[in-house]
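What follows are several structures.
Look for chain A in each of the two complexes below; its partner is chain B in the first and chain C in the second.
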Partner chain A sequence: MSHWLPLAAFVPLVAGALTPAMARGRPGLARGWALAVTAFCTFATAALTRRVALEGPFSYAMGAWAAPLGIELRFDEFSAASLFICVIMLLVLVYSGPYVRRALPATRIDWYYSLLLINLGGMIGFVITGDLFNLFVFMELVAVSSYALVAVGGGRTAALAAFKYLVAGAVSSVLILFCIGVLHALTGSLNMADVARRLATVESRPPVLLALAGLTAGFLVKAGLFPVHVWLPDAHAIAPSPINAVSSALVVKLGIIGLLRIFPLFAAAGAVSLAPLFEALAWLGAISVLAGAFFALFQEDIKLMLAYSTISNIGYIVLGLGLAGELALTGAGVHILNHALIKATLFLAAGAMIHQSGHRTLHDLRGIGRAMPWTTLALLIGALSIVGLPPTAGFPGKWYIALGALESGRPGFAVVVLVGALIIFIYFARMLNAFYFRAPSHKEMLGVSEAPASMLGPVLLLGALCVLGGLLTHWPVALIAPAVGRLAGGE
Partner chain B sequence: MRFSQLYNYEIAIFLSMIGFYVLVSRGNLVKKVAGLSMFQTSVFILYISMGVVQDGTVPILVDGVRVYSNPLPHVLILTAIVVGVATTAVALALIIRIKEAYDTVEEDEIHEQDRSF
Partner chain C sequence: MKKPLVAVTLAAAAVPMLIGVAALPRPGDPTAPAHTHVAAHYIEAGARETGADNRVTAVLLNYRAFDTFGEVLVIFAALAAVIAVRSPATPGGRADDMPGPGPGLPISPVVAFIIRLTAPFIALFGAFVIFRGHVSPGGGFQGGVILGALLVLLSLVLGRGAERPLLAVPLARWLQAAAPLAFTGVGLLGLALTGALLGYPAEPERHALRELMMITLDVGIGIGGAMIILGLFLEMRGD
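Then we have the complex of A and B:
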């Protein structure tokens, strides 16, 4: 079936738009509908990922109009991220059932699932498109639904956090749109492969550099790298926990995947030298690793701490991109996928704790390890992974990035990788201490019951995936190896 | 290429900077959204002016006309306008919620209230 590729992106978009109408007067249907659609997407992307692993990248011409005139959907090795997106979204939807019943007003529940499906469709579309303008449209689908999802829980600060996110997001989107316009003016094309070919013949350098700089800056804001991260902590800490898991694990990664999509345009042409940009990215990534970890250290609020740790981990990935060697790029690619698993585990487990106990600071959550042993176990596995201890999922990415730093003769960056992990380890020790060894600050904490099965199940499954992701690293590494080779060889 | 030949680019960038300045400098959230809209619209203008072909006419097939404007950027911007409207709508909806919670849309007063909590 050659139509799996467009269906994977457009089925959730259409289904998302239909959800409120479908679920009207039939409460409870929205979740089943969303689960069915996401299960379909998981199946479709799994089939596509299998095909790319066996045959290599393939394209689909929308409406049978061949590229570069028609719109091309292209599934390459990095598009396999869509499988991770679907799996995490599926688990988030299972988890959402009992969570939203208490956290959201009843009238908003249908809209919540509708927005999640649109978010899912946008994300899948973003990673499979081969067209620059489509990239922008899918990015905006994800962004606008994310703004609304941050505010969906209601509450005093939620709208303000969402507004801050919206301003940062909209400005970066306009910047990206502007630069796509510049590229279109230069080349007369929007198809990525075609733009890459035509950029080689462009004589004037400054506009090419302008487009490169603007696109990089725009996607870095989307990714929430350190100096442009100000929107991220509030948006990721205030939203409902399942939304945190989606936005922190998946949505910020789109910024990184956007970078992976645009660099080959400039690299293939040899129109500009990317080396100075990569140098800057490596430094920005290193600063972000340390700054994110450092800020996380001072947070009492468990969700705010996880949000800062996202900034730190985005730093790792950007550092890997900046080092640009084959090993470092492998590390960055693996960490994009594994960090998604880890952050989803952490936010869902923390969300379950907050949901059951009603508390969200480390001080208030003391003693929860005895009341909710399984959730705490999953949270700690996630925390171990985010530190990057073997054999968990956080280890291979950081290991490859550190090796890449050594390979390219930059041991300083390898030290940064280690120091960042050490700082997070301090936070891990604080959590361990608070959850297991301190006397509860609230007497009723010991009476808190374990999360319901449909919340605990996804959390435990993700915890298990965190371990498996560390043990089975050779699969994703082998999968993205050809793409990494193209990226590293294109310079 | 002289300065005046690319005046459409200069106008677009000038407009976008005005919009961006409003977005950054104003404390009133509604004015921020107005600045954001202007910022977006400047890029739309850039795209539309990009599609102009010298001596070209409206891209509808007519006998005797050989030169047409490039319709592709115009179509793209139709999509981008929809995206911009969606963003503005969400922003204004959020401002209504902020106004309900804080009873003001001035950034300074919101921060002051948050501090006193």
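Then we have the complex of A and C:
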């Protein structure tokens, strides 16, 4: 059934636009509708992922217009990220029920679910399209809905954080659009495979270089890499907790997947060599690993700490891309998926704590391990994973990246991988200490009750996935192996 | 200290960009790839293949209809974003965290009269732009803006505040989703007829149906766009 491919993006977008009309003033209906649509997408992307694992990449010509005349959707191994996107969105929607009832004004709840569905459709479309301008359109859908979701909880700081995010996002979007325009001027095409073919014969070097540099820079801003991360900490710390899970676990990864989409365009181009860019990416990634972890260390606010840890982990992925060997790319690919699971666990668990106790700093949250044992357990499993200890989901990605560094004779970068993990481990120890071993700062902390089932369920499930993701690493590794081979071989 | 630094950074970013752009094929050069590859096919065969004499519409609603679908959702998302961020915490209340202007002065009777006088002509022109979009310059987006401006004008004269809006809220919300709804209908019809989502029947005897499908999309885009412009205006005028 090839129609699953376009419908996986089409259905959630239409459903998102219909949510405010259908479910006006009925938040329960809006949530049920969003859950049903996301369940459909999960089913569709699972079927597509199964097909790509069995048969390899496949395409769909929208409107039956053959590429490059029309828009080609292309589902390759990296598009399997859409399955992770759907699963995490499903859990976020379950979790959102009790959360938004308290955290959002009632008049905004149907729009909240509408924006979440548009966000979901945009993300799915982004990872399945084979067309450069179509990629931009879906990127904008994700961006516009994300800006709003950051501010949907209300408050002056939220509006400010969303505005900062909007400015950074708009500038990077314009840069990306401009560079897509440059590529179109050079090749006359927008289809990715066609652009790659035609770029091979372009002789003029400066515009090709400009397109490569501009697209890379634009997507790095979207990914929140240090030092272009300035929009990220506030936007990810101030937004409602379910939105944190979406934006920190999924949305920033689109910047990385964007890089994975554009590098093959230039791989065959005679005018430029990718090697210097990869060298720069490895260094930027390494700096981001250390800087993100370092800033995280000084955060008292648990959500801010998690936001900085995202910057560090994006650094790992970019380091893996920059090393560009098969092992390092495998590590980067696995970490894109596994970090999504881990960061969703962490933000949802931390969000449950903040929701139940009303406190958000380590100092105020002392003793919560006794009041909310299950949530704390899930949070600590997530923290262990983010450190990268085996057998959790954070381990394989970092392990492959470190191996990749050694393989390409760059032991310095392997040390960076290790040091980054050690710094985060210090933070983990601080959390452990605060949650379990310190006397509560607030007496009422012991009276805080465990989160309601529809919040605790997703948190525990994600915690379990953090462990499973580590134990079953060979699945994603085997799945993305052909794509990694193509990427590494193309250079 | 900060300003010179910004200036230097901007210059450092601008110079390589200018060098890159300077080496692009000259604008209007008929041998440039932008004019010889895909675009050449659109111009040469676009009208025949799509049934839309207006080549822009041929690209917008046929070859790259999925982009257009995404774009109407970006517009919808903009409305959803504004409402989600600005709507008051309680129904009928004021936005809690955003200062807005107080109730404005009453509209002058001259302005009100002129708006009422010109409204039918504006509406007719908007409808013309929408319905002729596939053959002559125009289309759903352009016509939608004209109708949207008309709705904004009318809501100034006829609107009666947030409690009694020009259009009932439930109806308004369906109309705001008109463009995605039109794409769904046309897209699924195309799927049934041609086996591809957003496909159009290419047989000559079905030319009328193909034209009708394009007009449906244009009308959906136009109505949806107009309603979203009105929605943005009502949400942001601050009463």
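Definition applied: the second predicted complex is superposed on the first by the 486 of 491 C-alpha atoms of A that agree within 3 Å, B and C clash if a C-alpha of one lies under 4 Å from a C-alpha of the other, contacts with A are read in each partner's own complex, and residues count from 1 in each chain.
Keep this in mind: a residue touches a chain if its C-beta (ideal position, glycine included) is under 8 Å from a C-beta of that chain, and two chains touch if they have at least 3 such contacts.
These figures come from a predicted structure and were not determined experimentally.
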{"item": "Touching partner for A:Ala429 - first (chain B), second (chain C), both, neither", "value": "neither"}
{"item": "Larger contact residue set on chain A - chain B or chain C", "value": "C"}
{"item": "Partner chain in contact with A:Val415 - chain B first, chain C second, else both or neither", "value": "neither"}
{"item": "Contacts of A:Tyr147 with chain B and chain C, given as first, second, both or neither", "value": "both"}
{"item": "First (chain B), second (chain C), both or neither touched by A:Leu13", "value": "second"}
{"item": "First, second, both or neither for A:Pro105, with chain B first and chain C second", "value": "second"}
{"item": "Partner chain(s) touched by A:Phe163 [first = chain B, second = chain C, both, neither]", "value": "first"}
{"item": "Partner chain(s) touched by A:Val174 [first = chain B, second = chain C, both, neither]", "value": "first"}
{"item": "Chain B versus chain C as contact partner of A:Pro68, first or second or both or neither", "value": "second"}
{"item": "Which of chain B and chain C A:Ala36 touches, first, second, both or neither", "value": "neither"}
{"item": "On chain A, positions contacted by chain B and by chain C", "value": "133, 137, 140, 144, 147-148, 151, 154, 156, 159, 162, 184-185, 190"}
{"item": "In the complex, chain A residues that touch chain B", "value": "133, 136-137, 140, 143-144, 147-148, 151, 154, 156-160, 162-163, 166-167, 170-171, 173-174, 177-178, 181, 184-185, 190"}
{"item": "Complex contacts: residues of chain A adjacent to chain C", "value": "3, 6-7, 10, 13-14, 16-18, 20-21, 24, 60-65, 68-71, 105-108, 111-112, 114-115, 118, 121, 125, 133-134, 137-138, 140-141, 144-145, 147-149, 151-152, 154-156, 159, 162, 182, 184-190, 198, 204-207, 209-211, 213-214"}
{"item": "Residues of chain C that touch chain A when the two form their complex", "value": "16-17, 19-25, 32-39, 41-42, 62-67, 69-71, 73-74, 76-78, 80-85, 87-91, 96-98, 169-170, 173-174, 176-177, 179-181, 183-184, 187, 190-191, 194-200"}
{"item": "Contacting residues of chain B [partner chain A, same complex]", "value": "16, 20, 23, 29, 32, 36, 39-40, 43, 46-47, 50, 72-73, 76, 79-80, 83, 86-87, 90-91, 94-95, 97-98, 101-102, 110, 114"}
